[in-house]
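Okay, so chain A shows up in both of these, paired with chain B first and chain C after.
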Partner chain A sequence: MLRDLILKSIRYSFYCIGTHYAIVFSIMLYIYLYLYRNTIVLIITLALSILMVIASILADRRNIVQFINVLNLVGIRRRVLLVITIVFIYIRSLFIIIAYSIGALYNSIMVFLALFTHLTLIFILSLIIKSGVL
Partner chain B sequence: MSIVVIVRNLWKYYTFAGSSIAVLKDVNLIVRRGEIIGIHGPSGAGKTTLLKILAGLERPDSGEVIVEGYNLNLLDDDGLALLRTTIVSYIPQDYGLIDEFTVYENIELPLLLIGLPENERRTIIQHILEYMGLKGKERIKVKYLSGGEKQRVSIARSLVITPSLLLADEPTANLDWDNAKKVLELFNKINRDFKTTIIIVSHDTRVLEYVSRKFILYDGILNEVDKL
Partner chain C sequence: MNYFLYPYIFLLFPILLLFIIIILVINRFKGYIEEELLGEIRIISPALKIVKLLFSKIINSVEIIIIFLSIYLLTIMASFTTSYTYSMKTINLDGEQYLFDVIGVSNTIDVIDKIRFTNYTITIIQVFNTITLNINNESLFSYPLLIECSNSVESISNTSKDIEMLMDLCKFLENHKIILNIDLAKLLQEITIGNSRYNVIGMDIKPLLNIKFIPSLYIVHSIGSIGGTAIKLEDINKLAIFRFSRDNIEILCKDECNVKIVVLYIESKIKESSMLNNIINEYKNIFDYVIVRHNSVGTIYSNIFVPTYESLIGFLLLIIISVIILLLLSGGLIEKLTYIVSKLWSIGISKELYNASVIFTLIITFIFAGIPIAIGNYIGWLNSFGFLTYISISIISIAILSTQLTRRIHIAKPPQGPSFTYITDNYMDVEKVKRCLTHSLQNDDLFYLNESEVLKNSKYFVLRLEMIYRRALSTIVSSEIYVDSYDNLWKYLIDIDIWSIEELSSRETKYITSLALSKIYGGLSLCLET
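Here is the complex of A and B:
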């Protein structure tokens, strides 16, 4: 059951325009990291990519609300809903993390920092979205 | 006839700009198995709130709601969610469908939550699609359907779990009268074929011609028409 719902969540996330923005941003991010390899650039792009994740969620706000409302309507349990929401949000961050991973390979600490920051952000955003604030 | 819904002394308040407004005022209702109840009232009378409370989507501020013997006040959020996957189906005014999913995928959602294997899901969905006259449309994305078709998909999704209580919020509001009549006739057919108890709320008085008991909800107060 959970596997099917997660797959549906991933597919739905790919339909949404915010994920498309995040993919385009990731390509630009990779090029930028490849051309300007230094720590300051990494920190700035990290901040920008956090904004990108938030912006992509706001772009898909209507879809996210619709998705959560429908699942709630048909009787999804709260814990499962949280997992589905995390997956939905994570997909758009995944491309940014991949860009960091291949664009900033020379600085493994920064890759882990980027990964940790994104995962924390995703979890917080998922909690906010699930509770219906966003 | 056994009783499906008991509502006793139900009150619900909403807070607007710091002041508390009673949306439902001491609502009492008993619904017996197999009945089709029509609740008519103007916009803002509290119709949707009442349905959402019966579906366990909102909680009352005071009073008691018992559905199929379950006191909703005593159930936690997961208990109410379980109620919606087994006993109660709620059809919202905006159909409550995911536009990017196909008809099949939308109808499949409640069955996924129950955890049915794929072949059983397919059999049930094919049966429901045929019953609802949606055969051949299962691979079409919902966003490409007309209002009447969306409504039928929404009803189909609510039927896959064979609920004992079906709650329909303004099912005819977005339809022309020809399509609205078809939907109301469909509710009567579902009631006959599945013995499903149905509660329909609407601001359209014509809907009341298709129900067995009529109520009016005005300013949060519910009255039965025949007893007025």
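Here is the complex of A and C:
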């Protein structure tokens, strides 16, 4: 059942407009990281990608709230809900992560650091959203 | 790793601080607009109040904070990633005399401190401040030309006649000596400029008039060309040649100095390509523009920087990123403003006024937010390309947000029709109803009760109220309330008619009518039910 729910949350996340914009953003991010390979650009893109994920969540706020409410109504456990929320949020940052990963091939070790920071911050963000909705 | 030490990143903190201060100030005055009592009829449009309201609502939203944080980050990024190149142009010098290998041209006198007089250079300074020569009690204005040749320039052989002439001039020129055209020199032995005296040397300097380095750049005073014709000094008697020295510069340029400095570099017989490259690079940093000659092709390098293609691609990417973020967040912003839009709609604000207010609010918001960027640009933390990026993103943001925010007005519910029937079993004398309604409309903020009367008929009463709409110049709303009775029930039919000398659109008329109707209905129901 958990697998089904996760798959559904992935599919639902792809339907949301925020994910579509996040994909476009990740393409731009990749080109930018390819063009400019210095630390300050990396730091700014990191901050920008976090803002982008927040913006995409705000754009899909209603969808997310509805989704979590539906899951609550069917009586899902809190831990499962957390996992699904994290999956839902991570899907929209997935392409950004891919952009960082490809960027790591051209750039220095700093890209990995940026990637790790991005993943951690998104995880914290997921927790905040889950607790906020609940 | 050195980039960590760069001060640009610290720009973020003052920006955040400014933002927080603005939010605190806005919060302090929150609700001020709604609480303010409206005065008498004024010509002042309520647009500014709407702007205030919208500004306070927009600036308080998390969406706009994220938008501005993103724009600031994009601006900083644009500032960082920009690289410039010299603007470059090639000209055909086929058939022109080979007078130089490199020329540096500048229009500021300060350049003379920076010039490192290397071998094989000739410095020419065209001073546009005139000097006065007194000949037989007549005054003749002359333009000074200062020349200096480096010592080793004499070792250059196989140069053109023109260069040899310049070298001859250099030989004759000494301190306190001036070269004039031979005809003029016959009339003058000595001239005095300020407190300095100069001995006059006469030479045939007429060929100087036609020496040109490139089209429109002559050895004598020239200020460019119009329609292919060079504007230059045409009378050789108006040319006075001095030796280039600081003393002479001080004498000739007392208050302000309007000059053109031309430094010629002539390559020696032994071709030293590294030397030539060094000279080109050095001149590029000093002069307004540098001309390098390679056989019959001249290349003009201007110190006007132009962004590289890479920077332009980066700029385009930043614009796309900003559009993505704007499109994502505008929805949330609209949701927050829908409530206000509905309220504005219900009090009769027209769509045009609302659109103008939204655009004006956004412009003000972006101007305020641009202040830290402008300061950063002024003190050198951000470059002008970053500032340009901010302006471009601001214009796009205003366009996108205003389109999104104004489109929403179509969703607002249309107001109700111009007549209404109210039936009640509570009886009240029509005179009392009139008094009660008059009292309820007395201090109304939208309508001023101008006239009220009761018309009696054998079958029914008519209560007539004439009100002036306060937010317009001369819009009068006339309402007639027909009072009739059936058995124990009382029927009040409210009919509204509107009259105005202003050109009100049908939509505006409809709003004002609905507004008047709701006011009278509210007043009537309150009078009859309480």
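Everything that follows uses one rule, which is that the second predicted complex is superposed on the first by the 128 of 134 C-alpha atoms of A that agree within 3 Å, B and C clash if a C-alpha of one lies under 4 Å from a C-alpha of the other, contacts with A are read in each partner's own complex, and residues count from 1 in each chain.
Just so we're on the same page, a contact is a pair of C-beta atoms (placed from the backbone, for glycine too) under 8 Å apart; a residue touches a chain by one contact, two chains touch by 3 or more.
What you are looking at is a predicted structure, and each value in this text was computed from that prediction instead of being measured.
Participant: Overlaying the two complexes on chain A, which is it for chain B and chain C: clash or fit?
Facilitator: By the criteria stated at the top, chain C and chain B fit after superposition, with no clash.
Participant: State whether A:I10 touches chain B only (first), chain C only (second), both chains, or neither.
Facilitator: It touches nothing on chain B or chain C.
Participant: Return first, second, both or neither, reflecting whether A:F67 touches chain B, chain C, both chains, or no partner chain.
Facilitator: first
Participant: So in the superposed three-chain picture, is A:L82 touching just chain B, just chain C, both, or none of them (first/second/both/neither)?
Facilitator: Neither: A:L82 stays clear of chain B and chain C.
Participant: After superposition on the shared chain, which partner residues are touched by A:M1: those of chain B (first), chain C (second), both, or neither?
Facilitator: Only chain B is touched by A:M1; chain C is not.
Participant: Looking at the overlay, does A:L115 come into contact with chain B only (first), chain C only (second), both, or neither?
Facilitator: Neither partner.
Participant: If you count the residues of chain A that each partner touches, which comes out higher, chain B or chain C?
Facilitator: Larger number of chain A residues touched: C.
Participant: After lining up the shared chain so the two structures overlap, which partner does A:A55 touch, if you call chain B first and chain C second: first, second, both or neither?
Facilitator: Touch status of A:A55: second partner only.
Participant: Which of the two partners, first being chain B and second being chain C, lies in contact with A:I128: first, second, both, or neither?
Facilitator: Neither partner.
Participant: Chain B to chain C: minimum CA distance in the overlay, Å?
Facilitator: The answer is 17 Å, the least C-alpha separation in the overlay.
Participant: On chain A, which stretch or stretches are contacted by chain B in one complex as well as by chain C in the other?
Facilitator: Comparing the two interfaces on chain A, one with chain B and one with chain C, no residues are shared.
Participant: Which residues of chain B touch chain A once you look at their complex with the stated criterion?
Facilitator: It is residues 57, 77-78, 81-86, 90, 92, 96-101, 105-106, 109-110, 112-115, 157 of chain B that touch chain A.
Participant: Would you pull the chain A residues touching chain C in the complex into a rising list?
Facilitator: 17-18, 21, 24-25, 28-29, 31-32, 35-36, 38-41, 43-45, 47-48, 51-52, 54-56, 58-59, 61
Participant: Residue numbers of chain A touching chain B in their complex, please.
Facilitator: 1, 4-5, 8, 12, 15, 63, 66-67, 69-80
Participant: Which chain C residues qualify as touching chain A in the complex?
Facilitator: Residue positions touching the partner: 1, 3-4, 6, 8-9, 62-63, 66, 69-70, 73-74, 76-77, 80-81, 310, 313-314, 317, 320-321, 324-325, 327-329, 331-332.
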